[in-house]
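Chains here go by letter, A, B, C and D, matching the order in which they are written, and residues are numbered from 1 within each.
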Amino acid sequence: MALMAEIAAQAVQMLLVLAIAPLMLGITRKVKARLLRRIGPPIWQPYLDLWKLMHKEAVLAHNASWLYRTAPYLVFAATWVAAALVPTYATNLMFSWSADLIAIVALLGTGRFALALAGMDVGTAFGGIGSSREMLIASLAEPAMLLVVFTVALIAGTTQLSVIAETFIGGVGVRVSLGLALLAFVFIAVAENARIPIDNPATHLELTMVHEAMVLEYSGRHLAMIEAAAALKLMLYFSLLACLFFPFGMATKDQSEIALAIGLGSYLAKLVVLAALLPIGETAVAKMRVFRYPIFLGSAFAAAALAVFLLFVSRGGL
Amino acid sequence: MRALSFDIAHLLAGLMLVLSFLLLYQDRITAMLNVFAMQAVALSASVAWQAVIQDAPHLLVTAAIALVVKGIVIPTALHRIVRKLGIHREIEEVIGAGLTMLVGLGLVALSILLMLPVGEKVSILVREDLAFALAVILLGLLMMITRRNAVTQIVGFMSLENGLVLAASGAKGMPLVVEFSVAFSVLIAFIVFGVFVFRIRERFDSVDVSALDRFRGERGEQP
Amino acid sequence: MSAALFAILWIPAVAVAVLAFVESYRLGAALNVLAAGLTFVAGLSMLFAPQYRTDILIVDDFNVYLVTLTTFVAFTSSIFSASYIGHELEIGRLTPKSLRFYHALYQAMIGAMNVALVANNVGLLWVGLEVATLTTVMMVGIYRTPAAVEAAWKYFILGSVGIALAFFGTILVYLVSQEVVGEGLQAMAWDVMLQNSAKFDPKLLSLAFVFLLVGYGTKVGLAPFHAWLPDAHAEGPTPISAVLSGLLLNVALYALLRFKMMLAANPDTIDVGQVLIVLGLVSLIFAAFMLYRRRDIKRMFAYSSIEHMGIMAFAFGMGGPLANFAGLLHMTMHSLTKSAIFFAVGHIAQVKGTQRIADIKGLSVTHPVLAVGLGLGVVAIAGLPPFGVFMSEFMLVSSSFARQPLLAVVLVFGLLVAFGALILRMQDVLFGEPSGPIGGVKASYVPLFVHLAIVLVAGLWLPEPVVQWFRSVAAQLG
Amino acid sequence: MPVVVGLWCVAGFIAIAAVAIAIGRFSRASALIYGASLLVSLAALAFGLQHLIGAGFPDMVDYPLGVPGIGAHFRLDALSAFFLVVINLGGAAASLYAIGYGRHEIAPLRVLPFFPAYLGGMNLVLLADDAFSFLVAWEFMSLTSWALVLANHRAPENVRAGYIYLVMAGFGTLSLLLAFGLLAGPDGSYAFESIRASHPVPFVAALTLLLTLLGAGSKAGLVPLHVWLPLAHPAAPSHVSALMSGVMTKVAVYGFIRIAFDLLGEPVWWWSLIVLAIGAITAVIGILYALMQRDIKRLLAYSTVENIGIVFIGLGLALAFRANKMELPAALALTAALFHVLNHSLYKSLLFFGAGAVLTATGKRSLEDLGGLIHRMPNTAIVVLIGCAAISALPPLNGFVSEWMIFQAILVGPQLPQWGLRFMVPTVGALLALSAALTAACFVKAYGVMFLGRPRTPAAEAATDADRFSLSAMFILAAFCFCAGVLPGLVIDILAPVAQSLLGARMPVQVHLPFSLAWASILPIAESRSSYNGFIILAFLVISGTFTAMFIHRFATRATRRSAIWDCGYPDPSVATQYSSSSFVMPIRRVFGATVFDVRRSLDMPRPGETRPGSFHLKVWDPVWRYFYGPVARLVLRSATVLNQLQFLTIRRYLTLVFATLILLLMVVAAWR
């Protein structure tokens, strides 16, 4: 019986992230539009888009292979699973131990791998540009991400997200290194989610496209899957940010209804705040040239490395 | 008697050394050949004297060989070769006679230096004798490498060999000395013969190297 | 005096007399093989004959094995030469008359080397070595080409100077011992000297050794006394190259070692070991670099012989049971391998009609068997397992690195440089687009592959008697 | 007893080689020979596995061979048993593959005898238990593989590759020889037991470790000794390339482990600094060069360099922990390294097989000439895709597991007392992450350009799928990659005896019954509560993916229409407009270019109005050639040229040399005391 309950809790989380991911997208778009003095689409617009796309027939190039058709589902599944494994409103969900932070990052990598291949499948120049740049960004972001993981793992003594969250809720005091790690993490999240200044989700200008270029040929349900995956990814990074740096409010030991409710509420609140902050940041800066990515992500790397080394100092070694 | 015998042996050995220096000094082939003949005579004399004082009659044979072969036969043969092959009468020196002399002196000094500290186990006579012999040998080698002319170099080798015989005869009761001297005479005969047959004229330096490349295929870079 | 000893000295002598009068070259070759074979049998039986000494001759465990090796290689080389000479006669590089001369000299050389090996009297040792040298001189010049004459002449002059210096050394040794053991033959007997060498005058003994070193070292082919060696190997008939590399160098080294023992027993003499180490390393490095610019395949392997003589000199210079063992093993393995290589090279040069490496390509396509033979030979001589040379180099390098790291590093450097050159040339010859004639071979592969087989087996397993022999000699060498 | 079985397997290989010499020229021979090798390697594999599972207690035997007085010793323990498994798995796969692939061989006699001999040599290395037998087997391995590299000797570049390979091998053997010389000491106790018994002083031990790094590293391909791999591996026939790249490098790793962890006794902490640094540099440099390659087999060879770097990172960590008596993390790091060894042997062999299949189908090795093969070679495409995903360390495949474990070990790093290591370990971790990400990029490129897009040449257009033997070999390896990724716990438990015997500690038991939901999830060490469960991740992926697909097909639409490429409205029929290998990596080249590459570009752009075509040439070199090997080679040749003067002196000059030496020696005598 308890087993069923736990499975239910896990299932709830899976559906939850899936359900509110497009909403986050909608909120960011809306806020952004307002900042640009536009009315902007309603915040549930993403749901409508997805629904529409799902019902359109998928148009495939003549030489599209089976890989092209399966990739969207793989990307979606990988991202969804990753998102579902991040503790959102409660820790110690039943499957949370089956993958730690590194595994979650790697799962996103699986999705990226599939998408990059799909981008090259029909053999267009745009697809190639997209895949190539996507892999470049990833290869620059990954080391920084690892160092962020390293920082939190050094404090929590593990890479297991639930445990990290619990440790931080237990209170580790304000640390410079955590601040730096946060900075680095934000940079990485921006890059990974193809947001300004790295990429612009709202453009089809070939010189600047990265993510959009990869998925240029997609249509119909496949495109829907990819869009959903992108939303889930954004969502995942929001949850990670919340869980790693602002875990307060999460339901940890006592899994009582109250605690769960508090956890859920605080979680949603955090998400909304983040979803509102992102476009503000985006409107503040301008899109970068491709060959300035290294500098952007390099600074993320530097911040993360600094975080690690400061940690030694602040602790005088472990 | 002991002292006298010693002095005479010493004298003859010294004479050979002086003659070696004369050989180094010569710059005309004919004269040099004569000096060499003199050295051969001196050698045979000293060997004969050793035969007397060691009362080792077989040494007389050696002395005879030295006298006949090196004192008479070979010099005359070389005179003929020089005429036949039309070898220049002058001797091409690699380094000047004066410098050669200095080096020679150095070699003599070295050989004395080597022999002086030899312990009491070895009789004084042998020691002195060896010092001279060694000096003669080294001077012979020096002559071989400071002269370009084939005949001169043969002569150098032979005076080297004189030194050997001198040393051998000085070695008390050394077996087979005669045989060795015979063997050496044969060896030298070979050399003379070789010069004659292979028409090795001016240069005892090997035949001009560049001429040999096409046989050896050795010059130049690898492809 | 055992029958075997008698045989190894007199069979060649008789053979010389006979062969000098045999007109037909086929008969001559056959007789040559026969005589060499009998000598080998005799040499083999000497392994079982008791030890023996007089003031003139000696058979101890230092030379008995070398006699066997020498007679064996002489035998196989005579088989090879039989098939080689025939071809030379066809293409008219040699005349039947010169072949008579050649066969007689061949036996004379074997006899002389045997004399040198079993001589107890250092004078006789000298005689044997010099006769062997002179006979090879004549055989090197046998082609009468300007290059051959040049090589023979060079060999002859340098050799004669060596002879003279070695003789002076011998006189000195006699003088030293005569003052201690008294006049007469026993003063020239090596074993007597060895027993008394502790009482000898160290200064004079060292002086004697220096002359012997330069004199015999010229025949060992240690740099800088090596000059005659490459040309003699390259311009002479290949069987002679094989015998030169395989035997004469060994015998000369053997002579040196006899005297080294004498000095090793006398504490106050100069440190022979260091001298040998220096000469060995110089030869090794020098030869290793010289290998790169070689165009003539036989001359290249001649330089490789210099290199290996350097290695042996280094080993004996290091001394100690392991290094000496390695040195002795290396002597054996090198003579077998190098002669095998020359067998292969001889046939290759015949089928391709040239000794220029640049003109021999893709041999593995045109003449696979020869290619395999040469390849295995080079692999073995380059010190790669599972061949015997590797075992000796293994012991030498590992033991000397534990004792004298810097020297061992120099040694390894030289080995590596030589390795690079040998492999480079071997690949040039064996691989790539084939060039030159495809024609068949009238070759006797037996000697080649017998040698390689022995080297291979020895690289994996040494029979116990051999080990014992090496051990006892290594102990004597100090 | 087991060790004797192993020796029998070696003997079997040698026997097959002998037979191959005899019957090699017949047409049917190749199938026969490869079949026999398959059987023998399967036998060796089985018994190695059985010995490993049976806790792998050491078992020794010696024969009166080899160095007199020492004898030839052979020993089978957990470590060698594990490597037996790795090697014979690769060997069996290669043999199976070659049953089909070998038919295309032009000169079978240049391959057939050496292939089994090569396998035998590698097996013998693992069994050898004294310095001499070890080196003999080691060099025998090099020789046979050298012969295989020269199988197609008419291409000059292959001859060059073989030369460089053999010289590097000789260098490696000599350094190992020196290392053993130090270990064995002046009196030459070469047997490994006596070496284990002796404890060298730290300085000597450190020197030995460095020499071992040189020796084993030159065979394994550590930077800067890696230059021969990208030359030699492509030159050999593909099944041999698979062995050289996927298996022989593992033998080198074995050699390093054997000396550094077994013979050398207790390590000193700073050794690990060296190993870690070299490992990390090797990983990054290797994958960066792999990215730049156009020739698929060279790309794979460079990626081997990278993976070897990763393995050495693991080994370095193990050394560091061991030096500080932290057995459990040491066990974790070592197990991770060994796991990666296994993984790499699996997917690298698979990828080389794939490359071989493409090579035989199209005759092209350059990526720029391929494309669209996923349509013509569907089966090959699937297995190669699995291989690429596995090597790119993507969950739920096996490559990820080993890298995850190494990361876990890295996360324990800060508990090390030495500051040097504390700063080194995170840096290494970042570099490892970098190389992992670049690997993904590299294989997206490789797979994308080779199998996806449109065919770039008629040859690629006409390709047909591989034969069934080759395919089955590839599918088996792919299956192994999959299983090792999904059930890593099993592998870790099988590996446990190795760490136990070398470090006296092991990772916690992973697979324990009764079956629970936590079944088969990895728990690296108790204190870090991290865990990973490939099985559940896979289940999640499959369930959610299929569920979504079914949902959409059921409730939305499954209508599909084929049409021309849209390409933003400007479709271009020319296949040349596709992204090529070079263009794909251009950004990465621009980012890292100045620092690590030696790039030569030449652009020829006709002025407007000129009709001639423009051209752009790009060549990326390994700078180690320009800055190290080139100068060394030039130096050797120059000194050879200088010394060569001595060949042409005159007799008189030679006499002068003799005379000078004589005088010198005389002076020595005169000066002596």
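The rule is short, and it goes like this: a contact is a pair of C-beta atoms (placed from the backbone, for glycine too) under 8 Å apart; a residue touches a chain by one contact, two chains touch by 3 or more.
Since we're looking at a predicted model, the values are computed, not measured.
Should one ask which of B-D and C-D has more C-beta pairs in contact, the pair is C-D. Note: centroid distance subunit A to subunit C, computed from Cα atoms, is 78 Å.
Per-chain CA centroids place subunit B at a distance of 69 Å from subunit D. With each centre defined as the average position of its C-alpha atoms, the distance from subunit C to subunit D rounds to 44 Å. The geometric centre of subunit A is 99 Å away from that of subunit B, both derived from CA atoms. In subunit B, the positions touching at least two other chains are 114, 141, 144, 204, 206, 218, 221. Subunit C has residues 153-154, 157, 161, 165, 203, 207, 292-293 in contact with two or more other chains.
Those chain pairs judged to touch are A-D, B-C, B-D, C-D.
Residues 371-372, 374-375, 385, 389, 392-395, 400, 404, 407-408, 410-411, 414-415, 417, 419, 422-423, 426-427, 429-434, 436-438, 440-441, 444-445, 447-449, 452-454, 517-518, 521, 527-533, 536-537, 540-542, 544-545, 548-549, 552, 556-568, 571-572, 575, 577-579, 583-588, 590-591 of subunit D are the ones that touch subunit A when the two sit in their complex. If you check the complex, the residues on subunit B that touch subunit C are 114, 117-119, 121-123, 126, 130, 133-134, 137, 141, 144, 157, 160-161, 163-164, 167-168, 171-176, 180, 183-184, 187, 190-191, 194, 198, 200, 204, 206-207, 211-212, 215-218, 221-223. Contact residues on subunit C toward subunit B in their complex (touch as defined above): 121, 123, 127, 130, 134, 145-147, 149-150, 153-154, 156-157, 160-161, 163-165, 167-168, 171-172, 174-176, 178-180, 183-185, 187-188, 199-201, 203-204, 207, 231, 234-235, 292-296, 299, 355-356, 358.
On the side of subunit D, the complex with subunit C involves touching residues 64-69, 131-132, 135-136, 139-140, 143, 150, 153-154, 156, 159, 162-163, 166-167, 170-171, 174, 177-178, 180-182, 184-188, 190, 636-637, 639-641, 643-644, 646-647, 649, 651, 654-655, 657-658, 661-662, 665-666, 668-669, 672-673.
Subunit C meets subunit D in the complex at residues 153-154, 157-158, 161, 165, 203, 206-207, 210-211, 213-214, 218, 224-225, 227-228, 230, 268, 270, 275, 286, 289-293, 320, 322, 362, 364, 379, 382, 384-386, 390-391, 394-395, 397-403, 408-409, 412, 415-417, 419-421, 423-424, 427, 430-433, 459-462, 467, 470.
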